[in-house]
Amino acid sequence: MLTYAVKRAAAALVALLGTTVVVFLLLRIIPGDPATAVLLTMLDPGAGSVELSMADIEALQAELGLTGPLPVQYLEWMGEILRGNLGTSLRSRQPIMGELATRIPGTLTLAAASLGVMLAIAIPCGVLGALYAGRPTDHLSRAISLLGESLPNFFLGVLLVYLFALWLRWLPSMGWQGPDSIVLPALTLGTGIAATTARLLRSSLLDTLSQPFMLMAEAKGLSRGRLLFRHALRPALIPVMTASSLVLGGLLGGAVVVETVFAWPGVGRYMIEAIAGRDYPVIQGFTLFMATLFIVLNFIVDILYRLIDPRIRVEVRRHG
Amino acid sequence: MADRLLRNLAAALRRDPLGCVLLALVGTLVLLCLLAPIVTRTDPTATDFARMLMPPSAENWLGTDDFGRDVFARLLFGGRTSLGVAAVAVMIVMGIGVVAGIVAGYFGGAVDLVLGKLIDVLMAFPRLVLAIAVAALMGGGIASLIVAISVVAWPAYARILRAFTLQVANEGYVQAARTLGTPVWRILGGHVALNLIGPILVLAMLDLGNLILAISALSFLGLGVAPPGPEWGSMLNEGRALIEIAPWMVLAPGMAIFLVVLSANYFADIARDSTEGRAVHGPRDWIAPSRPVARPELPSPNTKEPLLSFEGVTVDVVDPRSPYCGRRILQEVSFWVRPRECVGLIGESGSGKSTLAMLAMGLTRPPLALTGGAVLLSGTNTAAWRWDDWRGVRGRHVGLVNQDPLSALNPVLTIGDQISEVMAAHDAVPTGARAGRLRAVVDDVGLPASVVGRYPHELSGGMRQRVVIAMAIVNRPALLIADEPTTALDVSTQRRILDLIRDLGQQYGLSVLFVSHDLRVIARVADRVVILREGRVVETGTTAAVFAAPREPYTRALMAAIPGQHRQPQPVEV
Amino acid sequence: MLSVESLTKRYQGQDAVCGVSFSVAPGEIVGLVGASGSGKSTIARCILGLERPDAGLIRYGDAVLTDRAGRRAAGRAIQAVFQDPRSSLNPRWTVRRILSEPLETWFGREPSAARTVRLHALLLQVTLSADLLARYPHELSTGQCQRLCVARALACGPALLVLDEPLSALDVSVQARMLAMLRDLHAAGGPSFLLITHDFAVVREICQRVLVLNAGRIVEAGPVARVLDKPSHPVTRSLLLDALPLPFQTAAALDRWVDCTKPTLDVAIQRTPSS
């Protein structure tokens, strides 16, 4: 178990290093000079064509770390990151690390609540769907999954706000106004990813139920509860966990959208505000943070996976 | 393959009114979008401040927005952008994904390694987050939208297709083609690609909905089309602040996206179901609660009464959804198993021998049903038994050993757990005595005591079959059903397992119904034999009598077919 | 004709095949017997060029099969039939296309009528009906599929046919017909066979020479009559002992040595547990 954890942790570190390279290169391979683009955006659009001074451009290039050979740029950039410095926001002139830190709890709360909603919907839906395969219960649960998967979460969010906040006035619509503020955002984000999980769970449970070992378990005269919870559900969770990075990716990506819809004080909204101002360091910092969070969550799932499946070897999960 | 997919889709639609409605709706919408300049003469960007936020009317079918622009026109022209971007993105993503996946999968080596690393890194980001970052860095607009979506979406395809390709490349027919000396390009084109078209199409359909969602999410966030131009995601964003005054501004684009994504997902589901071909055997129907009719107690095997008897048993495929509906599996089969007797049931594949074994356990699966005759256990007719009645008998009075020991054990539970739970389920062994009984039964089947804490994958096939036998006999049942228990094992293991079953039969006083296609196996264990052919009993008798003087031509043919009776003429040794 | 010299193949550090040497002469039927996991199929895959050996040489005539050029030079001379006939046939191809594949590769295009005549002759060789040409594999029985595989291998006009457990997926009566067909094929001047099996009964039925494999090494080799009736190695003896006898006539030859080979047979075959 310990060797397994260490190996997975090493793999996660390598992935993390890879993501820093991608984030670093992205800014440098996009067409055009980033510094010029930033300066053009900062100018008043109404002012018409204005000559940008070469000195301004070079100053900003230096600030963004765009001068010198690429490997040196990368090492300097990485050095700053390892010291906990993600740079300075071009708009607010504040350190990005500090600005992110104040918003991280908001995003984590939303993600955790949405995961809760997801599990509360997905597990019953998937299990009932598989047990009553081909019957009304199954059709109902498949229909719910299909709807959940097809409703864009920004549309669902707007509809929920209209219904519960503006019309019925049961819940607050925007921002953080107390614990009940979390309900609508978490519902919006949770239902979308619940659909994927419920569908995965249904099909993997169906597969498990038609395995020969289930026939053997039934031939042993075991009770219904034991058949379902001890023999069927645990192996059925394995493929669901294998596909969990899909769900986690949907969770983190969806968080950005949902935070925008509900004006939720999290890193996603911080990012969207930065886009308009071409605040490149903020965009980079945000992307790195989300990738790190994603890798950490996947690492946790890997460890849980090992607890469920005694067969797993480190090599097995490479390349799906 | 592609035409089969279309045929399946068409067939599925004919049985599916909801699908037809959906197809009609989304078809109309797409057509309207394509023909937008003809359908509406209104300029989607023409502002008219006199007609701001007007509700739907004959003039403006879907109302107007806060600039007085016609929402219907914006919806249609916006659809051209949204769907066009999605179509281009799907093609780019599929193109890169398919080529990268097949190349990496078939050739392996350095290409595979480099592509694999690239895919790993790109997939270390949440998809939408990376897309937002790429689009944001590129500064928005349609081109950056397409690039952003393509960059994040291709790795998943490449990875799945690489796995598919590996799977196809290991298929027997590709190996055969390599042996035949078929050139690589023809193997890739004729074998690999041909067999990948189906999965590729299904994948494309499955992800089309996700791509459209991602595209509209990006433009909702302001990363798509520049403001005056219409696009569904950005229209929704413009409208959401005004939802109380002008809900049509949100509902029109929202429903359009929803409809398109819903149909993409719906038809992808149908396509996937038709290509994957769900197992014909659904899970057995054990979840519905049933009240026990009469919990049967089987008498101890001292009487001369048959323990298990089949009386004129007829089994048909009754499920009208099954393609074999109406086919007769067993036709008036009658024979019995007496206490302490081993009856060998011989038949080739398709003879219905396994169906008989399942009948004796009450485990017949849904498309099959008993349509005539009766199965009697200890003289009790089991016809009225419900699941709970059978549950009391299975594992307690009747044990099962089946063909494939590799799949008969639950992979995530320890051997000890799987044997002990049979005792716990039936209370045949007092709680205090269970640990001792576990040790004893493990020893009886010839396994070391240490296997108790192991998992199935740590044991060889022969050891796993011994575990299955231990599970079957731990409660000291009266009857053992052995369905091809040695077929999956090699000769040496096979002989040891056969001898084990024979010895345990004597030690435990078991009756055994032993099913096999191999006459040599039956001859070794059975006291009496029953020969089954296409659902009918051809011949029965004591083993000695049948093998010494087979009466029926079919029996004789079976015996003549046993290998080893002819000899190849030997060349003279030099 | 074919000679294998100290062939070695490792998987994950473990020897699957270790220093195996043997040869097959023209017109000969050689059986390769062993328990599962003894390396039979690995040897076949190395001969067929589907696997690259870690050490040793495989020669066919003057060509060395272990390098790619040599394999190409040997070309169509060595063909194979695998265990599972269903997966060996492309499910999306008709019988006609399946049989045409090797013809096209080795003899080029030819007029459709001439091709049909050739295909009919091939089908006849394996006792299949000529009107199967338009069918797909899933419309054939398992036995027919396996014969089709033999026909496809014969289409190249090989000098050696490697048969890897060709009977184990088939029913008893189908096995018998298949064996009879192979025997006829050989009698009519067909290629040499290297028959891989775990069943001594099949070896007795068709082979002239037999090699017994245990844990990746050949432990005994010789004419069938000698090896099966007077086995000299304990592994051969225990494999023979474990094989179930014919149910109605006890082979007199078996009886003679059973009594003197009782002790420690179980220890003789130590296989690595499959993981």
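Each chain carries a letter (A, B and C) given by its place in the written order, and its residues are counted from 1.
Definition applied: a contact is a pair of C-beta atoms (placed from the backbone, for glycine too) under 8 Å apart; a residue touches a chain by one contact, two chains touch by 3 or more.
Values in this document were obtained by computation on a predicted structure and should not be read as measured data.
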Pairwise touch network: line, ring, star, complete, or other: line
Chain at the geometric heart of the assembly (C-alpha centres): B
Two chains sharing the most C-beta contacts: A-B
Distance between the centres, which are taken as Cα means, of chain C and chain A, whole angstrom: 54
Gap in Å, rounded to a whole number, between the CA centres of chain C and chain B: 33
Centre-to-centre distance between chain B and chain A (centres being mean Cα positions), rounded to whole Å: 29
Numbers and ranges of chain C residues touching at least 2 other chains: none
Of all residues in chain B, the ones touching two or more other chains: 457
Chain C contact footprint on chain B (complex, rising order): 1, 171-173, 175-183, 186, 190-191, 194-195, 348-349, 457-461, 463, 490-492, 494-496, 498, 517-524, 543, 547-548, 557-568, 570-571, 573
Residues of chain B that touch chain A when the two form their complex: 116-117, 120-134, 136-140, 159-160, 162-163, 209, 213, 216-217, 220-223, 233, 236-237, 240, 243-244, 247, 250, 254, 257-258, 261-262, 264-266, 269, 278-279, 281-284, 286-287, 289, 361, 363, 390-396, 399-400, 402, 404, 407-413, 421-422, 425-426, 455, 457, 468, 471
Of all residues in chain A, those that touch chain B in their complex: 15-16, 18-19, 21-23, 26-27, 30-31, 34, 37, 130-134, 146-147, 149-155, 158-159, 161-162, 166, 206-207, 209-224, 226-228, 230-231, 234-235, 238, 245, 248-254, 256-257, 260-261, 271-272, 274-276, 278, 280, 283-284, 286-287, 290-291, 294-295, 308-311, 319-320
In the complex with chain B, residue positions of chain C that touch it: 29, 35-36, 48-50, 72, 75-76, 78-80, 82, 84, 86-93, 101-102, 105-106, 149, 152-153, 156, 167, 171-173, 175-176, 179, 183, 198-202, 204-208, 223-226, 238-239, 242-248, 269, 271, 273-275
